[in-house]
Structure formats: structure tokens, C-alpha cells
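We just call them A, B and C in the order they show up, numbering each chain from 1.
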Amino acid sequence: MIDKREAPAGASGLFANEPASAFKSAPSLHPRNRRDFVAGYAFVLPSLVLILVFTFVPTLYGFAVSFTRWDMLSARWTFVGLGNYSALLQSRELWHSLLVTAYYLVGTIPVTMALGLALALALNRKFRGRAFFRLAFYSPVVASTVAVAVVWLWMYDPLSGILNYFLLQLGFPPQKWLTSPATAMPSLILMDVWKHVGYDMVIFLAGLQGIPHQLYEAMDVDGGGRWAKFRHVTWPLLAPTTFFILVISIINRFKVFATIHTMTKGGPVDSTEVIVYFLYQQAFQHFKIGYAFAIAYILFVIIFVLTLAQWKIGKASVHYQ
Amino acid sequence: MDSFSHALLGKKLLAVAGCAFLFFASVVTVTAQVTIDFWHAMEGPKGPVLKEMVNDFMKQNPKIKVNVSLQGGYTDMVRKVQAGIAANALPDLAMLGQRHGIPQISDSGRLLMLDSILTAEDRKDINPQLFGRYTYQGRLMAMPFAVSVPVLHINATRFKEAGLNPDKPPMTWDELVSYAKKLTRDVDGDGRIDQWGFHVHSDVAWQAYAFIYQNGGTLYGPDGQARLDSPEAVQAMQFWSDLVHKHKVMPAMAHESGSKLFTAGGLAMFQRSSAFIEGAAKQIGNRFDYRVVYLPKGKVYGVPDGGGGLGVFKSTPERERAAVALLKWLTDTKGIARFGRETGYIVFRKSSLGLEEMKSFFAGSPRDLVASREMEHVRSNPVNHADGVVWDGLGNVVEKIELDAKENIPALMKELNSKVNKEIAEARGK
Amino acid sequence: MNLDKPRFGINRESLADAIIFFALGVGVLFFLFPFFWMVSTSLKAGDELFLYPPSLTPKKLLFHNYLDIWSKAPFGTYFFNSLFVTTAITVGEIATSVLAAYAFSKIPFPGREKLFLTFLGTLMIPNVVTLVPVYVIVRKLNWVDTYWGLIIPQLATVYGIFMLRQFFLTIPRDLDDAAQVDGLSRLGILLRIYLPLSVPALIALAIISFINNWNNFFWPLVVTNSDSMRTLPIGLRFFMEGEGSGEWQYLMVASTLVVLPPLIVFLFLQRYFVRGITMSGIQG
């Protein structure tokens, strides 16, 4: 019987700060000497300065603006305190866009991860042409979203696009794809899965390669077939990887924008109006900058809380020795 | 020589040097170059035409150097201008489109008002309706330049196949419907319509303006309040809905497909900007007989105008002068004629139409002639803060009525109307 | 009880293998089809674009479309800019990330963990938010429409630091201790010991950074005003939208040009990529 809770040697947990295998002595942040103190900050300095100037300060600036009503064009602005936030939380549009975003997340993430895992499993064994398959499935990740969106937009055209043509030839009814509120989001989801499966696949591959062979050989001795191997060895040991992909996927998908902007512009009838697109419209089409930044901060809080929650859950359920 | 003459010589040399310096300095200032930045929004093959014209301007005006750069489309341009105002990084001359923020940009106080540069001749030469789009609070904020109107692109070959005479295109709404019905067919007998009679391009709000104007309606009344819930506007939208649901001559929702379907030959009548003519001709080649005709009238003829105008941003007196000079050069009689000929935008100056080169151009391009004749029916309103709401709102209404035949159109238009008026009131109150 | 003993050469395992292989094959066709469509269209003539029924392949392979495009728009300039800017950002990112990652993993200093968490927090900010304020800052630095403006703000990214830190954590601290006893400074340890050990991880990071920055669209759009500074994705977008142009075959040529370099980079460095990610332990 394998102790499922044993992590393979050498693995360091994603969210563990001081994995036992990396430090022999008790972890302490007390600088050994003054040189360490200086070195520490000196090494971090370039990144720190860059992030301070180009991420931090702009974010704080945006935060300040979220308390005003301003159109960024005129010199006039008025302080409205929490006015933007309260208006937002009571607006139908904010909740609608959050719902749409949630639909998007639920539609893309499980499918992409499941497919990515399946592909990784299939491509984990050495066989001829493996590199070609890996490249093929990863290539959409590499391609520019703008280029890809243009191609898919055309393929999705309900009257003259190639996808409907194929469907017709195969005897299926043509679909409305991006032109109907019911099918627009599923169409975007399909394209998104295509675009990101390769990424999940590669990370799962890396995770799979970290699982020691001996565990599988032990299963062979015990008489386990493929499915048993998966259930008892692969899946549990992939837990940190799965967790990582889940966290990154959620953070990234929340920020989706370019696809919507190029393909549907939030329509039809707002059925694909994800939250970042809603933000963009408020800022650059309705000239309500303060309102837009308030949306940004609400979004940030949501992502932050979600990530924190995942971290806590992750720590509890993904055990290490 | 004694010391006294040394000193005198020294003083003389100094004086000569001083004069020489002043002379060179004055020469340099008099021939000083002014450099200005010109941002335009002509994507695709129209950009190089503009660049060529600016090069010619620079040849004729050696003291002015112009940096021409493409900033994307009109929406990109507005974003750039927004960012530019925030960061103090504005061009001198920019191409601005109507609903794309002219009121807000004007509010920033950075635009030069152009009423003073128009002469009496200009006002006679240009249809005053064209200024509406660029007039804010009674002042002209940009000069019309790249003008387009929606026209009806038709596939004359399909007309003949259906027994219709393409030399007598539909002139009224009723004729439009009856023609379109004959042109909407299931060609290969598989139970699905593969040839459509009529369709409209994806800038649906603009096309909706056309229907509203044709029905005798307007977007705003003289009091500045919206008129979208007027019976004329409501009927116009009802007609739109009927085209899809009742007469079944227009496919629902697939507006992006319109251009592709038309060039493929599967659409008989297509309502789209005159700016489409050139590209369409290239893509269609000889595959069918492609013609351009007037949009039919409802109760009257009426079309909206589109495109972009030229606005000048305030800076230093020299640069403003240079920018205005460029603006006047681009939009004078010859400028508009050349720009129109080479890009397909409308030649909107009456004096330009009289030029010899225009007459021969139109002789060879009957399609552009029709577009240019439609100019006399242009309607417009002065811009205000709510234009974006009107545009998005109408787009939304169109989507809803195309998806559902039973939508309550009067209610939708009334809701939109109050939204627009609310926006206007808010902007006033600021 | 092993049901998988081979019998007559066909067993459950190899049947499953065959099905998987077949599924993979179909999957690859589906995955590569959009690219096929893109390239096929790029070789068509203008009046072949919108036929119904659509043609899967061009009548004649118009390779000279790929030559024509350089004159349609300054794609040569765009290409060079993309190459230069992307490479510069990748190199800069690796340099700054390596330093910070080493500090975060091996140098004890007060406030380290809190600082790292703050860094991580910045990952959650959508870049639409920081767009305009960063533009204002860049303007004040007079970096608008310059290579500085294109490169420097993009160096502020945490993903690389995160990944390298995780990787450095797997290197035993004894190495550091021994080296310090030998008199090596922190910088020396980093350069002489850690870097050589991390080549796959560095390559993986380089690939990720190159691909992301090559495809970056919004920031270059905002910070450049003149054509001479623009990058390929922007050139592509500008070429696409025009009130009536619709020269889709050239649009597809441009798309192909945008997609090709990252693909080539990945093709050649594939091996290192997976290995690098594995070694960084970022997945667990």
C-alpha cells in the first residue's frame, strides 16, 4: 500500500515558503551579516524600482481616481467619495458582467484542464513524433491573440464561414456562433479552450515527469491497471500541479479582454460583456474614468479574495510530509 | 601701432562681429522651420494617399515639416487623444470622428475653434449639414474632410436573373420590399435560403439613422432633446424589424457577414458606406455586375454622413498657424477633389465637382458619382455628450428587435430616449 | 489479476493505445485547421476570398503575396521593432528576475516574505487599469514613441521572479554555505553556481517572455505614435480595420508573419521548455 500522502523527494510546494528539503537550518530572516542585508535589497532593487514605478504608483493613482468623477479630458473633476462604488454595486451592469465572467470561467477552465491533462497523459510516453504532437497542441498558445481572433471570427461567420460550411456538408444544421446571445459565449469558450489547452498540457507534462517511476512499478507488482495507476498515483501526486494551474487559470481568465474586444465587443445584447470589457467601455467609450477605476478595484478585491481562499484550501488539502 | 589704435581696431572688429551675428540670427529666425504632428485614422490603403498629399504640401511650404502618423481607427484615435490630454502629448492636427468624443475633447478646452477660418465662399461651397457633425455648442470644432454616406450596393446580375431591371432600382420603401422578396431565394433547393435580398452593414446604428431620416424623423429636436421616441423613429425601427421577420428578406444578426456575402454574390442589395466601393470592386472583379444606387426614400430622402474631420489642437502660435495652413490646403477645392478621387471619399465641395479632373473621373466611375449626388440629402445634428449613448443604444435596440419579432418597439425607443435625455442633463449639470 | 496479458497480440492496452493515437490524430487536425485556413487564405488572390462555397485551397499559390506585403505597410520596420524590443525585454527580464529570485530564495533579509507577497499581488491587476497612468509617467520621462518607452515599463513583471525563485529553492543551501566559506560574494554565488545549474529554467523563462512580449498589443499601441516605432501586432491590427479595404489575403499574410517567429522559437527550444518548467518545481 502506498502512502498517498508522501510527496516525491525534491518537490517544493508552490505556496510553501520554506520547504523542508531546501533549508537545513531553521528558517530565519535574520541577516547573517550586514552584507546580506545590503545584498538582499540590492538584488531586489532593480525589480523593486520597476514594479514601484510602473505597477504600484499607477495602481495607487487609479485607486485615488476611483473616488472622483472625471472624464480624463477636461481639467474639471469632482470628488464623490464612495459614490462610484455604491453606484456600481447597485448597478445591473456590474452584476451582469460578473455573471458573464463567471460563465466564462466555468465554461473554459474545467474543460481546458481536463483536456490538457488528457493530452499530457497521452503524450507522456516516448513515441515517435511525440515532439510534433506537442508542438501542434501548443502552437495556439504561441500565436498572437489578435491574429487568432481574426481567423476565428471569419471561420465563425454564419453565412459564409467555413465552419458552417463543414457542418452543412456533414449534415448538421448551421450554427449562429457569435451572432446569437445563446451561442456567442460558447463560441468564445470553444476558441479559448483551443488557445489554452497547450499551456495546461505542458505544465501537466512537467508535473507528470516529476512522478517517480518506482511508484508505477510498485503498482505493476500490485496488479493495478491503467485506471488504477491514475487514481492512486498520478492524480494525487499531480495535486500541486493541478492546484497551480487552477489558480493561474482563474487569475488569467478573470482578466480576459482582447478576445472579446476583437470578436464580439461585448455583444450580442451584452451576452459576452465580461467585466474587463465593461471597464474598458466605461473608461474609453463613456469617458467615466473614476467609475472605471472603481470597477477595477472591485475586480482586484474579488481576485484577491478568491486566490487567498484557494491558497488556504490548497494548504489544507495538499499535504506534504 | 600704438595702444589707442589697438583699442579702436578691437572695437571695430567687435562691431562687425556683432552685426554679422545679428544678420545670421535674423536669417535663421526668418527661415526657422516649424514642425507639426498630424495624426490620422485612415487605415489600409487610404493612408498612403494622405501621406502623398502631405508630402506635396511640404514641397509647397518648405518652412513647415509635418510628421504624419496613423493612429488606428477612429476609436483608437480617441483613446490616443484621451491619453494625450492626460499626459500632455497631443498632436497639432488630428482626424476626429463625430461620436468619438468631440464634445468631451472640446470640453478639455484644447481644440481650436474653427469658425473664423471659414470664409463666406466656403460656407456657400459646402453643404451646411456637413458641419453639424463637428459643431459643439454652436462652435465648429473640426473641418469636414473624409466624408462618406451610406449607399445601396447592388448585384445587377442577380436582378436580371430575378426578372428585375437594374436600371430601375427600388426608389421607395415599398419597392425595396417587393424587390427584395423576389431576390431572396433558395437557389439549390435544399430548403435553406442561400440568396438574400437585402442586408445592412455592421455599423447598424448609422444605418438606423438613415431609416429614421428617411421616415422624416430626426435624432434630436431643435430644443436639444432626443426625439427617438417620435412616431417617425419608432416606425423606422418597425420597418427594420419587418424586413427581418415579416418580409423575411434580411437575415437576422449576421451583419458582419454582409460584406463577405455580397462580394461572394449571395446578397442582392447591401446598405453600406460609400467608402466600401473601392474595396468591393477589387474583390468582386468581373464575377458579377456591381452597381451603386441611391438609398430608397421612405417619406423623404435622407442619409447621415460619416467619416472624420480635421481638428487643430492649441499649442504655440507658429504651430497653430502651420496646422491651420495644412488644414486649409487639405480641404480646399483641389485638396478635396484629389482626396476624394484617390480614396473614394465624397467630394463634397461644389467647386471641386466643377473641376475638369472630377468630371472625367466621374465619367469613369459611375458608382462614385451616385455617392457624390447623394450628398444633397445629408442630414445631421450638432454633437453633444449623449451621442455615444445614442449609438450604443440604437445598436442594442437593433439587436433586440432582430432577435425577437415581438419586441415592444415603442417601449424600447422610449427607454432609450429617456436614457439619452438623462445623459444630456447630466452633462449640462456638470 | 492482470487482464492485460497479451493474447493473440491484441490486448486491451494496445487497443486503448490505438484509440488514443487516433484521437490524437483527429485532435491535431482540429487544432491545426485554423492555421491551415490562415496560410491558405494568405496565398489566395483577391477575388477568391469570399466565394461560396468557400474554397479550401487557393487556385494558384500566390507566394508573391508575401513579397507584396512589405510594400502595403511598413512590415519590415514592424518586424524589426518587434524583434528588437522583444529580445531586449526578454534579456532585461531575465537579468532582473534572476537577481530578485536569488534574493527572495536565498538571502535572508527583513521584510523579505512580505515584499514577495506584495510582488505576487501585482499579478492580479488587469493591465487595462495601469495603461493610462503608466502612459502619463512615461510621458513625463519623455519616453513616448521611443524604444525606452516600449521596453522599460514591460520589465516590471513578477512571473519570472516567481518561477525562478521556486526553482532556486530546490537548490540546496549547502552550496551557498560552502561557497561563502570559500570567500565568494553573493553575486559570485549567483553567477558561478546558480546560473549554470538553471539553464533549462532560464530558457523556459526566455521562451515564455519572448512569446508574451512578441504578442503584446495594448501597451505598444498606446505608447507609440509613429509608424517607425510600431510592432508587428499593431501593424496587423491597423491593416485589418479600414472602412472598406478588406484585403483579407494580406491580412492573413500579416497574421502568418506574426505567428511564425514565436512558433519557430518554441520549435527549437521545446525540449528545454518542459524540462525547465519541471525543474523549477513551479507545478509542485
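In this section, a contact is a pair of C-beta atoms (placed from the backbone, for glycine too) under 8 Å apart; a residue touches a chain by one contact, two chains touch by 3 or more.
These numbers were taken from a predicted model, which means no experiment stands behind them.
If you draw each protein chain as a dot and join the dots that touch, every dot ends up joined to every other dot. Interface comparison, B-C versus A-C: the higher number of contacting C-beta pairs is recorded for A-C. Averaged C-alpha coordinates give centres for chain B and chain C that are 38 Å from one another.
Rounded to whole angstrom, the centroid-to-centroid distance between chain A and chain C, based on C-alpha atoms, equals 15 Å. Chain contacts: chain A has residues 72, 160-161 touching two or more partner chains. Residues of chain B found to touch two or more other chains are 79, 82, 86, 260-261, 264, 266.
Of all residues in chain C, those that touch two or more other chains are 50, 52, 132, 136, 237, 240.
Those residues of chain A that touch chain C in the complex are listed here as 10-14, 17, 19, 21-25, 28-32, 35-37, 39-41, 43-44, 46-48, 50-51, 53-59, 61-62, 72, 119, 122-123, 131, 133-148, 150-152, 154-155, 160-162, 165, 194, 202-207, 209-210, 223, 225-226, 238-241, 243-245, 251, 254-255, 257-258, 276, 279-280, 283, 289, 293, 296, 299-300, 303-304, 307, 318. Within the complex, the chain B residues that touch chain A are 75, 78-79, 81-82, 85-86, 101, 104-105, 107-109, 192, 251-254, 256-257, 260-261, 264, 266, 388-389, 392, 395-396, 399-400, 403, 430.
Partner chain C is touched in their complex by these residues of chain B: 37, 39, 42-46, 67, 69-73, 76, 79-80, 82-83, 86-89, 91, 148, 194, 259-261, 263-266, 273, 275-280, 282-285, 287, 307, 344. The residues of chain A lying in touch with chain B in their complex are 71-76, 78, 153, 157-161, 174, 176, 178-181, 267-270, 284-287. Against chain A, in their complex, chain C makes its touches with residues 1-4, 13, 16, 20, 23-24, 27-28, 30-32, 34-35, 37-38, 50, 52-54, 56, 95-97, 99-100, 102-105, 107-113, 115, 119, 121-130, 132-134, 136-137, 152-153, 155-156, 158, 161, 166, 169-174, 185-187, 190, 211, 214-215, 217-218, 233, 236-237, 240, 248, 251-252, 254-255, 258-259, 262-263, 266-267, 270, 273-274, 277-278, 281-284.
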